[in-house]
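Contents: one structure, followed by commentary.
In order of appearance the chains are A, B and C, and numbering begins at 1 in each one.
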Amino acid sequence: MSIRKRSTVAVLAVGVLALTGACAKGGGGGAPANAGNPSAAASDRGPSANTAPKITIGTAEDSKGPAIAPEGVVKGGTINQIGRDDLAHLDPGRIYSNVEGNFALLFARQLTGYKRIAKNDYKLVGDLATDTGEVSDGGKTWKFTLKDGVKWQDGTPITSEDVKWSIERLFASYSTEGAPYVQQWLTQEDYKKTYKGPYDGKHLDNVETPDDKTIIFKFKEPHADANYALAMTTYGVVPKAKDTKEKYDKEPFSSGPYIITNHVTDKSMELERNPHWDPATDPIRGAYPDKWHLEFGYQALQVTDRFIADAGDDKKTFSFYTSVAPERLQQVLTDPSFKSRLMTQPSPYTSYFYFNLDRVKDIKIRQAINYAWPTKQMQTIGGGPSSSVISTTILNPTVSGFQDYDLFGKKAKPEGDIEKAKELMAQSSNPNPTLVYAYNQTPTQEKMTVAIKTAMEKIGIKLVAKPINPKIWYDSVTQVDNGFDLYWGGWGADWPTAATVFPVLFGPVTDGAQNISHLKDPEITAEIKRIQGLSDAEEANKAWGALDKTIMEKVTPLVPDLNDIANSLHGSLIGGAEIDPMSWVVSPNTIFVKQ
Amino acid sequence: MLRFLTRRTIGAAFILLIVAAVTFFLFFAVPADPARLACGKVCPPETLAQARHNLGLDQPIFVQFVEWLAGIFVGREYEGLGHCPAPCLGYSFVNREPVFETIIDRLPVTLSLTIGASVVFLIFGIGTGIVAALKQGKPLDKIASVSSLVGASVQIYFIGTLAMYFLVFQWQVIERPRYVPLTEDPIGWAYGLMLPWVVLAIIFTANYTRMTRSTMVEQLGEDYVRTARAKGMSGRTVVMRFALRGTLTPLATIFGIDLASLIGGAIITETTFSLQGIGRLSIQSVTNSDLPMLMATVLLAAAAIVVLNVIVDALYAVIDPRVRLS
Amino acid sequence: MTAVTFTETGPGRRGDSFLSVQDLHVSFSTEDGVVKAVDGLSFEVEKGTTLGIVGESGSGKSVTNLAILGLHNSEHAEIGGEIWFEDQELVGASRGTLERLRGNRIAMIFQDPLTALSPFHTIGRQIGEVYRKHKGTSKREARDRAIEMLERVGIPNAKVRVDDYPHHFSGGMRQRVMIAMALVCDPALVIADEPTTALDVTVQAQILDLLKDLQDQMGTSIILITHDLGVVAQTAHNVLVMYAGRAVERGTVREVLGTPRHPYTWGLLSSVPRLGSSVDVPLKPVRGTPPSLLNPPPGCRFHPRCDYRNLVGPDLCSTEQPELSPERGHGDACYLTLQQKQEIHTQLMEGR
């Protein structure tokens, strides 16, 4: 199950999707999937591995195609992909997960997207649009102009009508899976109540299409990062003429470089070139192979073994999301012959051990726990430094505006600063408290729990561990009255700004909501509101970055969890393969087949 | 016989109904909501309600169950997806494919795996069992005993994974297991499934060797076997027609159980060899909270057990005329 | 074995006896040692006659007869001596030869017809397959023959019952089926191993009558193994008394039952109740228990149980093994003089 780890964590971070079995293992704190493997070979990893990517906003010039080709690129050939699960959704409007979104790059285009400039250097650029949009009205109005020469797979031009249709159809009853942001901004929080979609002839009047090339969004409130939001796969274009509603999920009409020519559910998929896609219009997608052949149903161990053996067609094979199986990780990390085929990338998702602020009221205790936290031991349990990196912040380094700080000296003393913690405990309201720690009942989590318990004992805290069935994890901890003091939770930003982090993690406190630390500090809430209202993205990012440290200093609502590292292999005739730092999946944009 | 079959069929149907009901209601007993899977991570209430409605989860559980049950016999209408003809097992929550078709698509894989492996382990198991029984105490018997012990103590995920690692990936002496429909390419079918067959056979053969050996030894000491020899029957006839006949009843019993567990529990085999059969489907349906798929796979496994039970019981009567069906 | 050596080694072939067992040894190797089940046994059966073999359990009766059919597992049993049947030596005969003889020329009737018949096959098939095997007939003919045989052994409604399974029959009927099966190929020799032991008395008599009738009709020789002297008296022409793997007395029924000469035979006879004898005279079983064949007593194997060994002399009985004498006719293996034997027997008879 660990195979799907990367998507898992994405899904996990989502919280509500905690039902998937994949989550069952991933869930519950830390780096569970790569368990069983100590720290060896950490030094083998390139220094870039832990470098946070830089994501900036590009210009109209940046938005012009073609994409920047990776070194030694070869065009043509058939590339093979193997992995465990099929793509559940192909209708861009119903895609939210990182794996599906990444895959949809092959056949669906958005108004904006992320262009790779170099390793860990990305720019938000216009995809179908000529640039990243023109904002006015204090951030409420966004205007995009479509490029010339952008076409559907049948050669008809992609129009602003199509873009509008694609947004409107997200309100229809069958479409429930996608991201909700743009819909909410156009209408209201519970957007399906306002509008039922375009199929009965009714349209949104705050999405304007004055001509075939221009589309204007008029939001109710300022949204400085609407151009980021519109880069989400959910906002990929669907042609009105070919919209088959529910059935579109099985037969998407391509706007991207490839057309799905064959799909056997859960087994295989073939893609061939879309002759009407013009690389000159596309700054993002390299689209180097002529054909794609995807096969599903392979477990991590077999995928790993196939890459290790590197025989026949497997040389021209990669996997979007399959990490090296834990059983083989040691071998892969220590054998230098794999180095050229190993992709390594820390997770763009974050997870935390939250305090229930309604119950653990003394900040001194919360800070003492942070000091005493057995980060190093947990890292070892999770597979060592090659499987996870120590995180000390709320924001992930991939998020724009991220500011690094280490309030509790975790990097200096990863095994925990017991002295400091004891000091704080002595000053606290209750030097010998009993805390209830809820954890996901998985073998790795059992071990981690022992480490945490031991560390807490050292500073006089008695930890009562409550195992919880992974399937109902989120349903349990997202209850406001959950009866726990400490528990794990994960999150992933929907685009690389903090706009979908703080407002969610420290937003409303209700059953099922993501503010599971129950943080209700008026000043922080006000600051979140203020930053959300900023029309200058740059300024907002800075403010978010500062808020990160403020929250930890002022409230300390959580203990940051380790950040997983993905280690994946690919075949020896694969070039340009790289795990995208934002989606944590191997990007289809740069990959090619060597001859 | 007819009365027996009628009665047992009714009994089986009743058991399956209970299994279905229990599975269905247990699914809802776990506070995991498949509708949330079909709703984005930021999921406004109306969207969630819509997702729930789309999956048919907005009705009372009992009504859902009755509708599901009725669908099997008369088919069902699905909004946006159209008519699902009987026997309708619904649409998968995950990929919105008709469950019945998916099952029909995957069943041949599991059946091929099961039946092929059965043929191999029955031949080898019974064969070595007979030889061991006839050569009691001889080196051949000892080899058979030891190897069957070894076989019985290994697990599919151990030996299967090992076989995959060495035979397929390291030494590349055999291709990766794959499924080619028998009707398309019989040789490819057998070749593609050879490794799983052999691995399954290694594990199961042991059981049959031991069972055949011990029963055979017992049978060879039976008076009627001696009579057969006293009648001048050739050694082969004595073993094959007389002694073996007596070993068939216990063999049929364990084979019935094994076959059912092979069909119902193909999870590990199919996972080990990356084959897309019912086992994989069932594990997927559990991890994805895919109720319709889960129901179908559970029911199929239960049906396999129940039906094979009836068949084994009926088989007893065929094998041993002293057994009366009642 | 060539024809020449045959005539030379022919001492076994005497008179018109068509079955001749000469110095038969059968021993089994077990974990505890070698069990000498039969140790130097010789006897003959003449055409059309019945030989009753009498003895306690474990005296080697059945072992001997299984040896005639070659039914001992050659892996465990060691067989020595010679068995001549219709100019054919059986101990060293090939498996094929034996298979051709079994059920065809020599047939066997077992003690318990319930276990001796296959529960899985119809009786018609079980009878028919013998016929098919040896006569090479069609299924149809074999079936007709089976029906004929069933009729002959007195199974009513044979045409229908031919398709029944053994468990559909009563004990007596089952034994009739066994007999039908044994006789289906008109064998020259039938070995009946305790054919009536499992049956109740009235049925016993019927079965014995049946065997007799069939013998009269077909001229079959019969070896009747039994521990029941009454059965022997009723059916057999000749008697062989066995003790611990050896023959202790041999003769005609009249000789052996009328004027028994061996102390063991006396013991056997005195353990049988007689009509007309006084009810208050207790039956006298042979005292002691049969010896272990793993480690048989030296000398006369019966001597530890023998009340008369002192009459012979100090050590003879416990050191020297007595041979059956005289070689022909009424013979016994005991060191007592003929006179002593007659006197003791007379005394014994009076005592009853």
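Please note the rule applied: a contact is a pair of C-beta atoms (placed from the backbone, for glycine too) under 8 Å apart; a residue touches a chain by one contact, two chains touch by 3 or more.
Treat the numbers as computed from the prediction; the structure is a model and nothing was measured.
Among the chains, the centre nearest to the mean of all shown protein C-alpha atoms is found for B.
For the interfaces B-C and A-B, the C-beta contact count is higher for A-B.
Averaging Cα coordinates per chain places chain A and chain C 92 Å apart.
The geometric centre of chain B is 55 Å away from that of chain C, both derived from CA atoms. Inter-chain centre distance (chain A to chain B, centres taken as mean C-alpha positions): 39 Å. Residue ranges on chain A touching chain B, taken from their complex, read 1, 13-17, 19-22, 24, 85-86, 88, 96, 173-174, 176-181, 184, 189-193, 234, 245-247, 249-250, 265-267, 297-299, 301-302, 305-306, 308-309, 311, 469, 471-472, 475, 494, 500, 504.
Residues 69, 71, 95, 98-104, 107-108, 110, 112, 115-122, 129-130, 133-134, 165, 167, 181 of chain C are the ones touching chain B in the complex.
Those residues of chain B that touch chain A in the shared complex are 30-34, 36-48, 50-51, 53-54, 80-81, 94-97, 102, 161, 164-165, 168-170, 172, 176, 271-272, 274-276, 280, 283-284, 286-289. Interface of chain B with chain C (complex): residues 222-224, 226-235, 242, 245-246, 319-322.
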